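Note that the chains are named A, B, C, D, E and F in the order they appear, and that numbering of residues resets to 1 at the start of each chain.
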Amino acid sequence: MKFGILVNEGPYQHQASDSAYQFARAALEKGHEVTRVFFYHDGVYNGTSYSVPPLDDRQVTKQWSELAKEHDVDLVLCVAACQRRGMMDDGEAERHGKGANNVAEGFRISGLGQLIETGIQSDRLVTFGD
Amino acid sequence: MKFGILVNEGPYQHQASDSAYQFARAALEKGHEVTRVFFYHDGVYNGTSYSVPPLDDRQVTKQWSELAKEHDVDLVLCVAACQRRGMMDDGEAERHGKGANNVAEGFRISGLGQLIETGIQSDRLVTFGD
Amino acid sequence: MGDMNEGGSTKKFLYLNRKAPYGTVYALESLEVVLIAAAFEQDVSLAFIDDGVYQIIQGQDTTGIGMKNFSPTFNALGDYDINKLYVEKESLDERGLTEDDLMPLVYEDEDDDWAEKPSIRVVSRAEMADLMQDQDVILSF
Amino acid sequence: MGDMNEGGSTKKFLYLNRKAPYGTVYALESLEVVLIAAAFEQDVSLAFIDDGVYQIIQGQDTTGIGMKNFSPTFNALGDYDINKLYVEKESLDERGLTEDDLMPLVYEDEDDDWAEKPSIRVVSRAEMADLMQDQDVILSF
Amino acid sequence: MSILHTVNKSAYERNALESCLGHTRPGDAVLLIEDGVISARAGSTAGEKLAAAMAETGVSIYALGADMAARGIPEDKLVDGVKAIDYAGFVDLAAENDAVEAWL
Amino acid sequence: MSILHTVNKSAYERNALESCLGHTRPGDAVLLIEDGVISARAGSTAGEKLAAAMAETGVSIYALGADMAARGIPEDKLVDGVKAIDYAGFVDLAAENDAVEAWL
């Protein structure tokens, strides 16, 4: 079965991203496909490459990056949410003439259409938020 | 009277930062002093220089920077919260060997002790959160 | 925007709005998804329950809080063929609100000589529960 | 850490904990402030009401959710002279909890030959309300 | 001693207002801000509870006008006894009371 | 048709569980995750409401074991009829029902 996942909150403040990650891992372990994780609202902060959590804490961004690499999961950060919240890839930084790429490996910035597309193309869309 | 302000949430997702800003403005207009605004938890995202909100939306970070400049308000981002959430000044970027300065003008990164100090030195501490 | 629906399938999408506007961004960013969704030619419904009914209340004036009043955007939904806005009666009642307190949202029915019709349908909690059962994708923020 | 309290004044600080641990970060980051506060030699109290009582429940095991179990840190508070942890009885009752379900937090009383004493004081809602009236600074997260 | 309590969430969504009202003392002030103002609309179930609490607890209840306007609540739709104030009034309340307690 | 409803907040803090239970149909499943598991502790006021809802609505109630453990709730302290499951069980529920509805 194809699962799409929506994450509405950033890392650390809420458990949403942790729960989504555990769900994605479990789905993959059961042989399902996780087509895309769409990060909306504060969820885009999950993709920051600038995070340096304490060593004894979970490394939220790194976990997602590794999941994407291992299982070819598409991690999409909503572009409009990124603009409000200070997340930039090279293209965005160049377009706005400020900032620098702070998007971690395995994540990409794209439009809200990717969320609708996930809803259409996956068998189930599972949402995690506050 | 001396007011200290604590902001627990980032910009846009919650109204906390907006309410805190309006409160600070009103306090200053009435002749009070706003000694410090301490940004904790996701509140540290208020200090990102990488934000490019839509032009018809409020510019949260810029408003704070201007307030700090006009009224000499100390805007402090909690260092531990910054590390988890990907906010860095030059010193932090150098220390961790990654990232770049994404702290906006008028904000500085410092320790939680600054929050306690604000509680001690101000007449009232007013908290805004989720 | 052309045919964005590559798979060709049409699904029923329900947008579940349970939160008040302005205190959190969810109401605004939900509406932004709905507007994008219009290009995908899916079957779109919006549900307003609990404090979500305040999203479409009349007379919103955000001057004093420095935020943009996005409620006029709801008027545009009809032009995008999004005209099924279900509002739960029990949620209105609890809050001391009636349908008259809501914005008079309308659309033009192309199957009925472009007659102007109301987009808002006040339904009971039981009807709202039935509506949910009938969906393929339910989005909550 | 020396005398961090430059002004020389001592204020009464109350940390208001109303949220469950792990679902949100507030419980953990509140505790981090309390630990820092210890260096400032203020009069510190902690209040646990509503779901906040779950922060000091026994037997927390976070293995399955991939997060760090920070509840052992509460054991260290006594060493920092933070030994006034007020827990609201009504909040425990509602949730089907008793004092026995909480961690047995203690401190050594230097004024009583270092006798080990409980840090947790279960109080009524009315007593909690009185406690709040007695504070200079109330921190909520 | 008296406390200014702030409540920023609706009584329909969260228990913050109820918990706050259970911890006030006569002479305290409760200020509804952000989504909290929704609880103060007349003719609502939360509004009735608020009216009862005012009578029972001897606290004064305020609502931030800017947040009421954003949520389409005119002053004449406020529960009797709740006073609409602006941010300057918020600052005054914070100064007049001895401490500010946020019910987040 | 059936729905898997997820509730991630405690019934003491928010109205999500109550609102969810008012919108279920017989055959639906409700899964308590994160702070939501607090509602399922036996001997609590929320637990009693949950038991009543199960009897009245014909829904199945589940709680995520990992979140229960983190909050110190052992399986034998669950309200009768609530089933503890792991993340794999969560995935199964999402697959078995026709849609997943998050009560955020």
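What we mean here is this: contacts are C-beta pairs under 8 Å (C-beta built on N, C-alpha and C of every residue); 3 or more make two chains touch, one makes a residue touch a chain.
Predicted, not measured: the structure shown is a model, and the values here were computed from it.
Following the contact convention of this document, A, E is the list of chains adjacent to both subunit B and subunit D. By the document's definition of touch, common neighbours of subunit B and subunit C comprise A, E.
Greatest centre-to-centre distance from subunit E is found for A, with centres as Cα means.
Set against the Cα centre of subunit C, the chain with the most distant centre is D. Set side by side, the interfaces D-F and B-E show unequal numbers of C-beta pairs in contact, with more at D-F. Centroids of subunit A and subunit E (each the mean of its C-alpha atoms) stand 38 Å apart.
With centres set at the average Cα position, the gap from subunit C to subunit D is 44 Å. One finds 27 Å separating the Cα centroids of subunit D and subunit E. The set of subunit E residues touching two or more other chains comprises 8, 12-13, 15, 34-35, 66, 86, 99-100, 102, 104.
In subunit D, the residues that reach two or more other chains under the touch definition are 22-26, 50, 65, 67, 136-138, 140-141.
Each of residues 8, 12-13, 15, 19, 22, 41, 57, 80, 125, 127, 129-130 in subunit B touches at least two other chains. Contacting chain pairs in the structure are A-B, A-C, A-D, A-F, B-C, B-D, B-E, C-E, C-F, D-E, D-F, E-F.
By the touch criterion stated above, subunit E contacts subunit B in their complex at residues 6, 8, 33-35, 66, 86-88, 90-92, 94-95, 99-100, 102, 104. Subunit C makes touch with subunit F in their complex at residues 16, 18, 26, 49-50, 125, 128-130, 132-138, 140-141.
The touching residues of subunit D, counted against subunit F in their complex, run 19-24, 50-51, 54, 57-65, 67, 69, 94-97, 101.
Those residues of subunit D that touch subunit A in the complex are listed here as 22-25, 65-68. By the touch rule above, subunit A contacts subunit D in their complex via residues 12-15, 18-19, 21-22, 56-58, 130.
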